[in-house]
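The following pair of complexes shares a single chain, subunit A, combined with subunit B in the former and subunit C in the latter.
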Partner chain A sequence: MSTILKVEDIHVAYGRIKIIPGLSFEVQEGQVLGVIGPNGAGKTTLMNALIGLVIPTQGKIIFDGVDITKMSPEKRCHLGLGRTYQIPRPFEGMTVFENVLVGASYGAGRTEAKARPYCLEAIKKVGLYEKKDVLAGQLTLLDRKRLEIARALGTNPKILLLDEVAAGLTEAEVQDVQDLVAELKTTGITIIWIEHVIKTMVESTDKLMCLSTGSLLKYGDPIETMNCAEVQEVYLGVDEE
Partner chain B sequence: MKTLVGDKSNIIKFIILVIIIAALFLLPSWGNQYTVMFFMLVFMYIGLGQMWNLLAGYAGLVSLGQQIFIGIGGYSLAVLSNYYGVPLFLGLIIGGLIAMVISIGLSYLLLRMKGMYFAVATWITAEALIVIFAGWKFVGSGNGMFIYAVRGMPTSTIYYYSLIVAIITVIIVVFLLRSKLGLGLIAIRDNDSAAETSGVNIFKTKLYCMMISSFLTSIIGGLFYMSQVWVQPYAAFAINWTIAGMFIVVIGGIGTVAGPILGAIIYVFLNQYLAQFGGISMIILGIIAILVILFASKGILGTVQDKFGFEILSARRHSDRTFTGKPIEELDSSNL
Partner chain C sequence: MEALIQSLIQGVLLGGLYAAIGIGMSLIFGIVKLTNLAHGDFLILGSYISLVVTSTLGISPFLSLIIVVPVMFCIGFLVQNTMLNRVLAKGAEPTLMITFGLSIVIQNLLLYFFTADARNLKSSIALKSITLSDGIRIPVIYLIGCIVGIVIILVLGAYFKKTYQGKAIMAAADDLEVAQLMGVNTKNIYALAMGISISTAAIAGVLVGVIYNFYPTSGSSYLVIAFAVVVIGGMGSTYGTLAAGFIFGVAQVLGAHFFGAQAQLLTGYVVLLIMLIFRPQGLFSR
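Up next is the complex of A and B:
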């Protein structure tokens, strides 16, 4: 497996507040990398830095051999970075089909006519086919999260960034999402998945990374990461003694 | 499978549309002067409403500075025809192009701003133009300019120009919304960061929208001042133009193509009827707008559309067919 994403000592700050004070890691092609950490650990900020919504003040992000550190979000999307949002951000005035069409046409650089079949395929994949002409504003939370994934898939991503897609869902719904990620993995797509549901992270990821105050606490095999005393102390509040 | 072209109700809609347009083209031959003037204003305000709706209703750019382009259109026509002898029709087009160039410059400054900041910045720009034009001798300073070439021109000529421009604005908006650019515009309006991370270039998309809107708004400004024969800065760059556009869109239905058409008819009717009450007319118009916002927040046609799913000139994309009416299954897979 080759390295598809290389993060080299990135520093991210909002004004004077440093959220990520230096973070490095690599992601291999086709891998599912889980990212965990307590609230305020900088997980979503990392996601925003990867997608281009915030620009690191220092360090480099190399995606598929290209330095994307200062690249705009839409250019990163064209290169193959797709994302979902923790709180879904559907285009509410559009139908499910139109939402995904945005990603499938703009993101993947296709004409609308050429994007349509890919768009329907992405909608089918996430199980929203029956609701393809429903307005996004009328969807349930689970369906909105599915729509986020479909829209990102429409962009034909090499890496899919999932930001807490299981948050707020019932156990059965979480299982649905987990199954979907497992299915996506078979297509060879690389996934970086931020999540708080530990069981899901351990079951669905190849590597698990724990962040604490923007720094890397542990990176490795999911079970090994979860068994790490430092991770348990910081993340789960379990004292060694 | 039904297609858009083959759909019976669409054929009926098309026939009704053709009859209405034909009647409007024939109006000057049977209508009185007042009726012709009334509809001429309606057509101009349809264009103005469509362009404001394009910015605010589809691109999420709430502009308070549409009067910039009305004024540019009026003055371009006056300067080009008076000083350089340019024919009026060409003057309208060149005025549109000048407005478009100005909009490109303004976009680089103003599109960095969002929401209220964008709105206020556009307004300030228009106010600055009043000061500039009122002190500029070349354009007659505060007294403004007569457009000599318009003298003696029959009202019916300006009526036809206005009708054609109104039709063109509606057609452009419909085609724009059904294009990839329109898809990107609506995405930006609904959520700009999600649109950006889905591959939409926000600046470029908004810039194109500003360019189209400024071009057509300027032509409408030129037409209006053709009918007035005289253009002066305090009226040409007045906020009233934007207020009219907002009223038309709010009443008719923001984010709908047919809304500004209905809104323009209501606005011109009320404006003519309420003119006898002087300054109070604006208060009455304001109260009407507030009532519509309270009881039908999406405007008349927007509310009808929400409640009954009835939409005229829809830009909605259907998952099972293309805009050409061709079912999606029939698309040539070799092109994929």
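Up next is the complex of A and C:
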């Protein structure tokens, strides 16, 4: 497996407040990397930096051999970075199909006619085919999350960034999401998944990374990471003794 | 009774024209969240470009739209791309200042090149009317203005709904950040939207240029009409603009019918004021 994403000592700040004071890690192609950490650990800020919504003040982000540190979000999308939101943000006045079509045409650089089959494929993959003509504003939370994934898939991503897709879902729904991620993994997409549900992270990821106050606390095998005393103390509030 | 019916017809026809005047402003507010204070001046610029084209080529003002619309589209696209896009992230004030500045520049350029003399676009249609009965006549130019207003709005509605470029514009209007993450170049989309907005202003400019006299400073009065229509309809609502055009037009003409010609403008703005008090978000705003 080759390295598809290399984060080299990035520093991210909002004004004078430093959220990530230096973070480095690598992601291998086809891998599912889980990212955990307590609230305020900088997980979403990391996601925003990877996708181009915030620009690191220092350091580099190398994606598929290209330095994307200062690249605009739409160009990153064209290169193959797709993202979902923790709180789904569909274009509510559009149908499921139309939502996916925007990314499948503009994001993946296809004409509308060429984008259509890819849209349907993405919609089928997430189990929304029956609702493809339903307005996004009328979907349930689970379906909105599915739509988020379908929309990102429509852009033909090499890396899919999932931001707490399991949040707010029932246990059965979380299992659905896990199954979907497992299926996506078989297609060769690299996945970076931020989540609070530890069980899901341990079961579904190849590597697990724990952040604390914007720094890397532990990176490695999921069980190994969860068994790390520092992770347990910071994340679960379990004292070493 | 016939006089009242004539007034109602006149109001509806005027409303269609008002919708054509306001739609570009509504569009750009809905998509870019920008209040274009130069909207009326772009409209009058369209009238003057049509004047140049008609006098140079000897064609009718309506035929001049073949040249006027693409020229105005390019102006709108360039203004958005080279000026407004640069300051969008800095809040609403810089864009207001730029469009205010553009308004002054356009007025003074027109004064420089065309003087302050009254102009109009000559068309034989301006004098024609369809007689329905002794007291009821439909002025053809107002009928055309109304039909054009309705057609512009229907075409725009279909463009946003049916084309994938239109969907990208709607996506950017709905959620700029997500649209960017979907690969949409939002700056180009904004420029495209401004091009369309200014093109519709130019079409309205040719219509008002045939109906009324215009001067380099006439844009301000059309800006006020556009504001009224956009506020009543709900800022950003395409079909709201059409409905608001009719309400504003009918209110004005009925005001003139019942209280005299001097009350025409007053009645329209009283309706606007009532609207602002009871439904400040406009009729069709979400």
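Note that the second predicted complex is superposed on the first by the 241 of 241 C-alpha atoms of A that agree within 3 Å, B and C clash if a C-alpha of one lies under 4 Å from a C-alpha of the other, contacts with A are read in each partner's own complex, and residues count from 1 in each chain.
Assume a residue touches a chain if its C-beta (ideal position, glycine included) is under 8 Å from a C-beta of that chain, and two chains touch if they have at least 3 such contacts.
All of these numbers come straight from a predicted model, not from anything done at the bench.
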Combined model on subunit A: subunit C and subunit B, fit or clash: clash
Which partner, once the models are overlaid, touches more of subunit A's residues, subunit C or subunit B? B
Name the contact category of A:K18: first (subunit B only), second (subunit C only), both, or neither. neither
In the overlaid three-chain picture, which partner chain does A:P117 touch, first (subunit B) or second (subunit C), both, or neither? first
Tell me the contact category for A:K6 with respect to subunit B and subunit C: first, second, both or neither. neither
Once the shared chain is lined up, is A:T95 touching subunit B (first), subunit C (second), both, or neither of them? first
Touched partner set for A:P73, first subunit B, second subunit C, both or neither: both
Between subunit B (first) and subunit C (second), which does A:L53 come into contact with in this model arrangement: first, second, both, or neither? both
Which partner does A:H196 contact after superposing on A: first (subunit B), second (subunit C), both, neither? neither
Footprint overlap on subunit A, where subunit B in one structure and subunit C in the other make contact: 51-53, 72-74, 77-78, 82-83, 85, 89, 91-94, 98, 101-103, 105-109, 112, 151, 154-155
State the interface residues of subunit C toward subunit A in the complex, per the touch definition above. 163-164, 167-168, 170-171, 174-175, 177-186
In their shared complex, subunit B is touched by residues of subunit A numbered 51-53, 72-74, 76-78, 82-83, 85, 89-95, 97-98, 101-103, 105-109, 111-114, 116-118, 120, 123, 132-133, 151-152, 154-155
Which stretch or stretches of subunit A touch subunit C in the complex? 51-53, 72-74, 77-78, 82-83, 85, 89, 91-94, 98, 101-103, 105-109, 112, 115, 151, 154-155
List the residues on subunit B that touch subunit A in their complex, please. 179-180, 183-184, 186-187, 189-191, 193-202, 255, 316-319, 322, 328, 331, 333, 335-336
